[in-house]
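Down below is the structure, laid out as structure tokens.
Order as written gives the chain letters A, B, C and D; numbering starts at 1 within each chain.
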Amino acid sequence: MVNLNVNIGNLSLKNPVLTASGTFGYGPEFADFIDLNRLGGFIVKGTTLEPRQGNPYPRMVETPSGMINAVGLQNKGVDYFIEHIYPQIKDVDSQIIVNVSGAGVDDYVEVCRRLQQHTNIKAVEVNISCPNVKQGGMAFGTTCEGAASVTRAVRKAFEGTVLVKLSPNVTDIAEIARAVEAEGADSVSLINTVMAMAIDVERRKPYLSTVTGGLSGAAVRPIAVRMVWQVAKAVKIPVIGLGGIMNGRDALEFILAGATAVEIGTANFINPAVTVEVIDYIEDYCTRHGVDNVNSLIGALDY
Amino acid sequence: MVNLNVNIGNLSLKNPVLTASGTFGYGPEFADFIDLNRLGGFIVKGTTLEPRQGNPYPRMVETPSGMINAVGLQNKGVDYFIEHIYPQIKDVDSQIIVNVSGAGVDDYVEVCRRLQQHTNIKAVEVNISCPNVKQGGMAFGTTCEGAASVTRAVRKAFEGTVLVKLSPNVTDIAEIARAVEAEGADSVSLINTVMAMAIDVERRKPYLSTVTGGLSGAAVRPIAVRMVWQVAKAVKIPVIGLGGIMNGRDALEFILAGATAVEIGTANFINPAVTVEVIDYIEDYCTRHGVDNVNSLIGALDY
Amino acid sequence: MKRIIVFRIVSNTALGSNYTLMKLTPEDNAELPDTCPGQFVQIYVPDSKSTYLRRPISINFVDKKSNQLWLLIRNAGDGTAALMRMKAEERLNIIMPLGNGFTLPSDGERKLLLVGGGVGVAPLYALGHKLVDGGYRPVFLLGARSESDLLMLDEFKALGDVMICTDDGSVGHHGVVTTHEVMNGTFDRIYCCGPMPMMKAVANMVRNSGAECEVSLENTMACGVGACLCCVEPTVKGNVCVCTEGPVFNINQLTW
Amino acid sequence: MKRIIVFRIVSNTALGSNYTLMKLTPEDNAELPDTCPGQFVQIYVPDSKSTYLRRPISINFVDKKSNQLWLLIRNAGDGTAALMRMKAEERLNIIMPLGNGFTLPSDGERKLLLVGGGVGVAPLYALGHKLVDGGYRPVFLLGARSESDLLMLDEFKALGDVMICTDDGSVGHHGVVTTHEVMNGTFDRIYCCGPMPMMKAVANMVRNSGAECEVSLENTMACGVGACLCCVEPTVKGNVCVCTEGPVFNINQLTW
């Protein structure tokens, strides 16, 4: 029997597999395909104070082994989430983590304050890395000061576990991670999407209404693994790894590089049952390798 | 008849297609596959003052739609190049551009000084973005000051055309480009490889002897196109675009995004005749679209 | 309930050079799930280097007797080209059924027009069958670039009256569907699937005719299950996912 | 001269479950370029999502009469698995010939041992043919995990004496090749191709025996033409490309 339990701050996960924000809806979208109770946790989509319509269509283009999106945080707002969605998912035997975004620090704080009233929301993931919004988002995530300011404010406002989701669009992601750790974040998750662009050369137009968007999928995995490796060496708080995980092997790359847990994102679009397959693979890998506790694999790269 | 001629500073290219440093050897390696005289130019591999053995094997791993390398500037040094290689290629009816690397500013200067003696070397590409060397390389390319210092010194030492090859591993590549432009660079080329990593999970070891390396290939193209787009809007000097160009369509993405010329890199490994196919495609595209001068496509994105 | 089903390809027949009609049955011979005309499936394309995401394809027909799913595939790029090359006995991983189908006629609605353009005729075949089974006699108006792009004509003719338009006049009426005289008739309900300009033209023509009109959109999508929010269409309710709120929309819901 | 050639697959025959023998001929029926035993080719794998680079494969044999290139393919991952699934009449884009072959015996060298491990026997077949054509009678020492991994035994037996080792003892000598008694014999020249530990063991065993010994390396490579500098092996001359300076090396050149 392999122990798959990992802890992110005070948050106990039955296994290290989470779903990435914006790729798993609120969870019920996938209930036809998997038993949601099996997940280590699910990170519900980027939630803002006010409802947002997101960016105009087209918002997505496929690229080699990946896709670029420019959804722009379309969501119905935190109050709608609490009233209509939370009741549907609060009794899932897993952990609900709400991804929180805002145009300014006060927005983040207010969303967290409202979420805090609800017992089964034990954690938030602070999104300072969305490349697809004009205000907030990545603007906070690309400087230590910006990242620190949001983290400090959320830390004061939210008693539960605070994850901060980092942008890869920086020179030194370890520096940002340390800034966020210093302000009391319980964990950092990385990477968000890489700012990217694709052009329809016959029409001489960008494929996205916003010209640029965020690249995700297998294409970025080697970048993500490198950044997790750098950050895990730089901070003491647990690191959550994501970026192009398509299967269990990929998840183990992140864990060996130093991630305590992983998030599965784009792969949900291609294989909606991928999360449970990853959990099963990790358990099987541990058995094959004589590992009785998945925690002993974290950062266990032999180099 | 389409005019494919473009100019990079004083350097006239018969067409906008160059080969990327480190992916085309010195040129003769590809003479069995293409007529070298057809190229707009060829950028010979990273040349340093002293010979270098590069990094230990293994140096390469395949990743989704890409590869990570950690060659580490293996080369026989500038004197060997001048004595043994230059005579073999100096009469090719194309442009020879030498990619120059160094551990310190003085190295760059001295290599450029020695190259300058040779009439058919009308341009250098200053590599401040190699992720695979311990000293120099990317260390210069990730700050404005570092980039400016190398550019300033090379500008003084070399009378021909100076290209500066930029690293994508930065928060704001446009800022670096402006710093380099301010020091008199004739052009910037981008992107070099993206720092990345891959792990053999069964052996729990990194695939590369150096743990991390540089990601290239189609996977990074959307990142490269975005950066070319950002830089082309930020500087007045011509931009040379590269990163995952696999065919003529891809090359046009870069040109429409603002590149005056393109470099073909990793694709040479997969299709050693790709360069001439790209040239033919661009000419055909111009004909199909009623464009009589390729320069009118530069930055012609309709957005 | 949506399911991931591994199918065995029974046949994949070329219809001219740009289309195939693929017939599949579940590998394990399990009964196909219930579907409605207008719903779609998401196909994982196994052997295409440049295809990362699934490809959404309309359900052309579900033959309950033979437990077969039929798909009309057009060569629209590397992914669909790879599907067209697949052979009988090969396997495909498919998620289905997805989205909402066409609304069947209400009481009293008898005059039904089904307008298809190019490969957009695909879901109209399943719909036509359903309507005929319900005692209706649908009229089909099928448009295409040229004669070779008119698909499954014999099958449609077995279901009702078929009018034909081609852009090049190679067969039938020479011109786009909105210039065909049948469009001047009175209908209770119009179903339309085809290229966006065609659907918009039809919508604008019939908007004030008193007919209900539904169109089937094919916005670029990633997940197909309402998670990625990429395939949104602006509607009177704001941006909604075509994959879950559509692909079939009443034109009154759209902002066209 | 290296060329990019489009081949037509003539046959692709399974040898057990982990190997195929693929025979190809140029699509345009042009004469195959001259090759030496030990050279390799680079194959573009058309239908494998996860295969980005070409796959280097040893030349197993070139049959001048039928103008066929033979390749022995082992299932070593997605790329080779995709090649193994390919069928007669499909096309493959191949760059060839690449690298340097084995050195043929000098005057007076008569006692020749060819040591192959697993799919490493591939180039020894072409070499054996060449040696037999030159009047030599080579001895083959072929090792494999198990009986089912011993490839082309009948073909090798037609060329010379064949000794067999298996790791599991299912056939022949039970143990690795270096424990086979033939290794105690005296040879003028030894050719070796197989897994790295096997080649190193053979090299260390014969280094001071007076025999010349060549091994064929298969370092991971990208380009195959000496441009990328990825496949380097440390040698007495420093790091050199296996693709252009090898894949065959005299063990005296290596730093093993």
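Heads up, the rule we're going with is that a residue touches a chain if its C-beta (ideal position, glycine included) is under 8 Å from a C-beta of that chain, and two chains touch if they have at least 3 such contacts.
The structure presented is a predicted model; accordingly, all values stated were derived computationally and were not measured.
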| item | value |
| --- | --- |
| Chain D and chain B - chains in contact with each | none |
| Chain A and chain D, separation of their C-alpha mean positions in angstrom | 47 |
| Centre-of-Cα separation between chain D and chain C, whole angstrom | 53 |
| Distance from the mean Cα position of chain B to that of chain A, given in whole angstrom | 34 |
| Centroid distance [mean C-alpha coordinates] between chain C and chain A, Å | 36 |
| Residues of chain C touching at least two other chains | 51 |
| Residues of chain B touching at least two other chains | 63-66, 217-218 |
| Graph class of chain-chain contacts, one of line, ring, star, complete, other | ring |
| Contact pairs between chains, per stated definition | A-B, A-C, B-D, C-D |
| Residues of chain D that touch chain B when the two form their complex | 1-4, 44, 50-54, 95, 219-234, 238-239 |
| In the complex with chain D, residue positions of chain B that touch it | 22-25, 29-30, 32-33, 45, 53-54, 56-67, 69, 71, 74, 217-218, 266, 268-273 |
| Complex contacts: residues of chain A adjacent to chain B | 63-66, 68, 142-143, 169-171, 194-199, 201, 203-206, 211-212, 215, 217-223, 225-226, 229, 244, 249, 252-253, 256-257, 285, 300-303 |
| Complex interface listing, chain C residues touching chain D | 46-49, 51, 82 |
